[in-house]
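Take a look at the following structure, please.
Each chain carries a letter (A, B, C, D, E and F) given by its place in the written order, and its residues are counted from 1.
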Amino acid sequence: MAKLPLLSEIGHDVTGWGFFLCLDKEVATSRNGAAYLKVELQDRSGLIKGKVFQDVDTVKLEFDAGEFVKVQGRTNFYQGRVEFVVDKIRRVMPERDAADGFREEDCIRCAPRPVDEMWGELLERLDRVADPALRALLLTMVQKHADRLRIWPAARRVHHAYRSGLLEHILSIMNIAIFLADQYGARRDLLIAGALLHDIGKLQELSYDTATNYTVEGNLVGHIVLGVGMLRDAVRDQPPPGMPAELVTELEHLILSHHGDLEFGSPVKPMTIEAFLLAAVDDLDAKVHQIRQHLDDDDSPGRFTSVHRRLDRSLLKPSS
Amino acid sequence: MAKLPLLSEIGHDVTGWGFFLCLDKEVATSRNGAAYLKVELQDRSGLIKGKVFQDVDTVKLEFDAGEFVKVQGRTNFYQGRVEFVVDKIRRVMPERDAADGFREEDCIRCAPRPVDEMWGELLERLDRVADPALRALLLTMVQKHADRLRIWPAARRVHHAYRSGLLEHILSIMNIAIFLADQYGARRDLLIAGALLHDIGKLQELSYDTATNYTVEGNLVGHIVLGVGMLRDAVRDQPPPGMPAELVTELEHLILSHHGDLEFGSPVKPMTIEAFLLAAVDDLDAKVHQIRQHLDDDDSPGRFTSVHRRLDRSLLKPSS
Amino acid sequence: MAKLPLLSEIGHDVTGWGFFLCLDKEVATSRNGAAYLKVELQDRSGLIKGKVFQDVDTVKLEFDAGEFVKVQGRTNFYQGRVEFVVDKIRRVMPERDAADGFREEDCIRCAPRPVDEMWGELLERLDRVADPALRALLLTMVQKHADRLRIWPAARRVHHAYRSGLLEHILSIMNIAIFLADQYGARRDLLIAGALLHDIGKLQELSYDTATNYTVEGNLVGHIVLGVGMLRDAVRDQPPPGMPAELVTELEHLILSHHGDLEFGSPVKPMTIEAFLLAAVDDLDAKVHQIRQHLDDDDSPGRFTSVHRRLDRSLLKPSS
Amino acid sequence: MAKLPLLSEIGHDVTGWGFFLCLDKEVATSRNGAAYLKVELQDRSGLIKGKVFQDVDTVKLEFDAGEFVKVQGRTNFYQGRVEFVVDKIRRVMPERDAADGFREEDCIRCAPRPVDEMWGELLERLDRVADPALRALLLTMVQKHADRLRIWPAARRVHHAYRSGLLEHILSIMNIAIFLADQYGARRDLLIAGALLHDIGKLQELSYDTATNYTVEGNLVGHIVLGVGMLRDAVRDQPPPGMPAELVTELEHLILSHHGDLEFGSPVKPMTIEAFLLAAVDDLDAKVHQIRQHLDDDDSPGRFTSVHRRLDRSLLKPSS
Amino acid sequence: MAKLPLLSEIGHDVTGWGFFLCLDKEVATSRNGAAYLKVELQDRSGLIKGKVFQDVDTVKLEFDAGEFVKVQGRTNFYQGRVEFVVDKIRRVMPERDAADGFREEDCIRCAPRPVDEMWGELLERLDRVADPALRALLLTMVQKHADRLRIWPAARRVHHAYRSGLLEHILSIMNIAIFLADQYGARRDLLIAGALLHDIGKLQELSYDTATNYTVEGNLVGHIVLGVGMLRDAVRDQPPPGMPAELVTELEHLILSHHGDLEFGSPVKPMTIEAFLLAAVDDLDAKVHQIRQHLDDDDSPGRFTSVHRRLDRSLLKPSS
Amino acid sequence: MAKLPLLSEIGHDVTGWGFFLCLDKEVATSRNGAAYLKVELQDRSGLIKGKVFQDVDTVKLEFDAGEFVKVQGRTNFYQGRVEFVVDKIRRVMPERDAADGFREEDCIRCAPRPVDEMWGELLERLDRVADPALRALLLTMVQKHADRLRIWPAARRVHHAYRSGLLEHILSIMNIAIFLADQYGARRDLLIAGALLHDIGKLQELSYDTATNYTVEGNLVGHIVLGVGMLRDAVRDQPPPGMPAELVTELEHLILSHHGDLEFGSPVKPMTIEAFLLAAVDDLDAKVHQIRQHLDDDDSPGRFTSVHRRLDRSLLKPSS
């Protein structure tokens, strides 16, 4: 039996086996009273839902959500999406399965660019900050939070919701913001800082190992205010010499106002040209990512995709 | 010539003299090209707008906005409000005018209850906090900010916008919140803390001596996030022994969510019963205060007041 | 086989029998073409959905929606909620089942406090009305509608949706309103009257025996205007001597404006301080009840509940 | 000196005299401290604002708001509207001024069609109601309220805001509703009844002699619920034999839902095809009237009118 | 076995056979892993959903979506709607099945009135246009697009979504618009033209043979702007002699503004009385059609229908 | 007497003379009954309002709105803005005043960059379009409309509301759009075309010589649909060889959707990534321009500007 292709490229009526991360496992009861298993599987390119109908009582003990699994079965078409009818499923045995090509990183969805390349680009960009005190502050924060900043997702679902997605999102925003700073004569230093810091609170808002979840303070405080707290801590622990207090206030303002308006969770609206540009670019980048992803994910027939709920529209598929 | 009555009780066609704080002074040009002075005057009970038509060039040098003044003139009815046509105006000469009864405190609008009485009540309420670590934290914060907390207004315009208005507002909310905590079995300690802390950031958001204004960080950060910062600083400077981290997070949540919804400037919605109650009581108290004030201020004829813009309605005047 | 625990406390994988009120019974067809029965069962503490897969053609004749039933089976976990897989179900045989402890009142969801205790409290509160004409009017209405007022639910679904829920809701509002009347110097008589009358139209809007439904005039007219009609009838049938016409108009205004704003179904906004307070307290009490109930009902894992649709948020579960 | 033309046709720089109803009189103070009088004058075709600058102290005693006046002066252009600079103004001396052609009815704004003609049309339409009990009920109500129904305006400002405007509005709606009932197979009887009754509460909501104002119950209860009360009183005083209770409920529903949605002040939405049609036609007629009036009133230059605030748009002027 | 009744009149538990158009065919997997077919069937009176559980692999090859089929089976009640459990299904054999009464037109949902009758009425109405140039333009457009205009549906789903539905909708609007033009003294010619042209772009927005779908330009441009393009093409190809350019602009405005407001897809708001009336009547006709259809389709028990999502309300069922 | 500085740099209490374009002239009456003149004056850098109090009857004949004028007077501070009290004003005598430095172009507000430089940049950008048919189409349109395209403003008020403002706005958008096309892998050709065409309809929507106004078709049709018409005309007059029909449809979609959402006047939402980017950049550029202009224009004291109505916020003034 053949190995399955990447989930981003899988069609229906495909039979084979593969290694995945099992994100979710749930016992359900069908309408005729029989139990079956619902699972959610992931490789580095995407997700698929699956069902196990045979030997449920035995099979459900063979693996858990959060574990890597070896799966065999056939894809199907159900309610407009491809899903997986699982014949066999068990947890991975690392040594033995390595022989068949199992590697953890192939089962974890991640950003398309390699993390080291992105990290290098980030440091290079920060090096362009002209004000030495600000540059030092930003580098301190990057070093302090490097472990998380390298791998964190940007969100639980909506956009860049995979390993190193936050870093990818920061860089995308930073590059556009630098261009716009020059185009409009805005302060480049502030925009580089804002691109780095605007979502830094996500490192505390979300927990992430293989799955992404909200922390208690993520829900009760939210990444915007958590980010301001992280900035304040950095300033307090290592006060940047010669940095005016009002510059710190402007940095806080960049973080606080980056959702653009109160109804989107910013307690204040952008009141400087840099804060306005940062919020606009953040919104743009998140939405372009959603458009891209919907065009990639959509399986519906015809020239237009199904309706994207958040964007509230169909999209014209590119004619290839 | 008689001394004028309190501004809250003044009618039109009244002639006399009095001492006031001059809040605003502006030179304007009438439609026939002549200059005149517009002033805003305050005593402890309220405000009045006035105009000086005579000897403008001389008179305008006799006093400044922010100074106490002695004024003589006659009240008038203009565009639905009583205003003051000033015949004479000059800055107060403290020693000399004391003889005629001038006292600074009579010229500054302030809460109806004496500040010491309110302060005593506040301390008594805080004493009811059962958790010793929380009680200590709250007392520390009250002592640290006592100077401002005793006299600060609760807002620049909308409600409790006068000396000690914030303290009056805190006490009003605290009393109702304690009642509701018992009524609904909510945590009384948290509600007392929330009543004290929810607007504590106003001490940094607003500057106040005789006039009230927004500070730079008041505009760019806002009292909600400033309040969280003040709480964090207090916890960090003097960590309350034995206080669980999550309780601090819940206190932050109380501050952050107290506007009730995102569109009103809270970055998170209330997610505990105490946060919900606090936001509801804060809204209630602010609106009752606006209703009261509009009923007091309105001079329009008939059984109903003029339309209150924020509340978007007329009010039935109490039949006396 | 053991007797089942109260539905409010039942978990999954519990086997046993019990007595319930059957609220709903529907024949459905599973995806493999087989018929099964969907039922909704109630005891005094809550609700559960159930399914019958065996002997459907026979079993479906053994009971009807609206009847008390004896049920045997096992609980299950389906789509995030506990449900009941029914093995046996039949209508109750009152004499015989009494021996096993069947009592009608154990199968009907009702307010936590005993109705007689609440009724006594209501009469005591009304006795505090100072104006004798108003007091007489309120007592007349209470006596006239006592049968329904004692047992009616406050709503079909949203809050206090069980036996005597309306009375519970009235008392809760009345107690808070009395406190606030004193706190803010509002007219206590009017607030007591408003607390009693604001939802009185529910007695005509809803039909209730064991199930709750909207009547034709409930849908076409609504409880707000029905309530005003009931007040007008009472005034017309037995005119309270010496009561000024405008007081009746104010009572009507209290009923009409108690949803607080036009978009929520009040044809006028609150224009007196009492009407404002009543609407605020009604909203508060309904929402606190929904929060409480969602915290009680939610079975989801983790520190936060699932999202409550109406309140549009998750809630932090109390740490026990 | 010539007599002035009708106000609907007056331009600027016109000098002359005329008889008017004085709707409003107010003493104001100009920026140079001098008193002047602001008046609002009406004839049967429209309104004009005016100012008196000379002999204010004497002149202001010569007439009052609500009286008929004889006025002499010249029209002017001020802030985009024609206004009147008054040279002489005094109250009408009926006998003497009759010689110059004074007639009260020429000074009161009224509907374009004669009231008797409209009244005859109304009775003819009601005669078409097929159900004898309903026809009797409607005729009873018309007779009972004939005095007011013949002359009442439909509103204080927005549309049909003049003598007999309500009757004009009722007839316009009734004719369209009858047409639509036939077009769509809806119940003609109900639509005739709805056209008559939908705004009947305006007779209690508004007071009207020469000026129009809200009554206390107009503000606190509103014409929608007042109208239902008037219907209920009629049914109770003289129960229409053989009329089913549900038909009365449907009539109440027609009145209650005729603003079309909650946010516009209807406590319920239209739930029958007749209620839907009535609300649609009422909205249509009111808006067409506003469009017409704005096209008539607008004095701005160019092909488009100034922006109409309620309709939130400019209108293309008809090319004549 | 008996022939099935019309779908608009079918109940549950009916067994029989019939001819239908198959609108949709999809293979699905039930919860026990077995495949089944979901189909959507149509006759001239309505739609029904159906399922095939037997011999799925064979049966699914016997017909396709878009084909006429002969079906045998039994109706069922599922989730509040009648559906069809199919025992046999195959594509129609025209010659052979004609003997059993198969006619294509019986399987295609269409407007209640015969198309030739409606077409004659349309031409008669256009003949009433007084301006010869405008009349000629309209007739040219009608002739050019006659093939589609006779049979096109007015929409894919919401209202008049069947053969000749657009023509039915145009006539309904035209008749009301003519009445209102006379009632309000608006330009009848413009309203006739507007009724014809307002949705003319639907002929390009939608594709229709037996099914209705959006075209690429239907989605990307929309029927409003497509309709303006069709008008411009007609004017350019055959310039109506003597027609002023501004009249063409007014016709474009009628098309562009007929959704009444920006949020509904009109790029401009109605700025003439005719444009306002057209938009109001279009909205009215579409909504009355939805109300009618919901009353016809609804199978729920009780005096009120289920909630209609777009209209956001239940409807009172007519008492028969 | 000195020549006045540029209006963008003028303060109050400045006396002098200058040349301006008179945009508006109106006779008004002051509260004491005296006539005065209100004028609006413009130079290339900005606007100022002015008043003439002396010799009004003579002076008002000396010039008209739309003419160039020579003015002498003194600046003043009135209601928070600098205004001009005019002592002398007369129309320019071109030959004579040339001696004092009068040049028409100094009196017309225009974009900061020279038009020829911008025009060259536009042609260079269009040259980068890779598809020859599209490039030819765009160049044809640019040549056809060059006269207007070089000088047209982008709006009557909101942003880029001056000579060559449209060209400035097009270039700004085009440069950002090219950058984003590369950043996100979108089609550069389409974005260049969209940047050029999105507002092309403004050439018909607005009339412009020295003043800017809406045309009749500007109001009734709007620049979005006018732009599509101009594109269609160009394609029809000179069909670009080999250009697929769908590409034209996509160009139309870019124009139609560039306001981003229905409520902002786009009849369709962006459904391609290029349409989404174009709408986002258009919004960004317009808002940045408004922010810049408000920071330039604002004269209010303190660290923050007055509230900008459209942006609904104050702005932090750059610390210089």
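Convention: a residue touches a chain if its C-beta (ideal position, glycine included) is under 8 Å from a C-beta of that chain, and two chains touch if they have at least 3 such contacts.
Model, not experiment: these values are computed from the prediction.
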{"item": "Set of chains whose contacts include both chain C and chain A", "value": "B, E"}
{"item": "Steps needed, at fewest, to go from chain B to chain C via touching chains", "value": "1"}
{"item": "Copies chain C and chain E touch via same or different residues, half shared test", "value": "different"}
{"item": "Contact-richer chain pair (by C-beta pairs counted) among D-F and C-D", "value": "C-D"}
{"item": "Chain B-chain F separation of Cα centroids, rounded to whole Å", "value": "44"}
{"item": "Euclidean distance of C-alpha centroids - chain B vs chain E, Å", "value": "61"}
{"item": "Separation of chain A from chain F, taking each centre as the mean of its C-alpha atoms, in whole Å", "value": "41"}
{"item": "Chain D: positions in contact with at least two other chains", "value": "28, 30-32, 216, 219-220, 246, 250, 271, 304, 314, 316"}
{"item": "Pairs of chains, among all present, that meet the touch criterion", "value": "A-B, A-C, A-E, A-F, B-C, B-D, B-F, C-D, C-E, D-E, D-F, E-F"}
{"item": "Chain A residues touching chain E - in the complex, by the definition given at the top", "value": "28, 30-32, 34, 36, 51, 53, 76-79, 85, 302-304, 314, 316"}
{"item": "Touching residues on chain C, where the partner in the complex is chain B", "value": "172, 175-176, 179-180, 183-184, 246, 250, 269-273, 276-277, 280, 283-284, 287-288, 291-292, 295, 304, 312-316, 319"}
{"item": "Chain E-touching residues of chain C, taken from the complex the two chains share", "value": "27-33, 213-214, 216, 219-220"}
{"item": "Complex contacts: residues of chain E adjacent to chain F", "value": "216-217, 219-222, 224-225, 228-229, 232, 246, 249-250, 252-253, 256, 262-268, 271"}
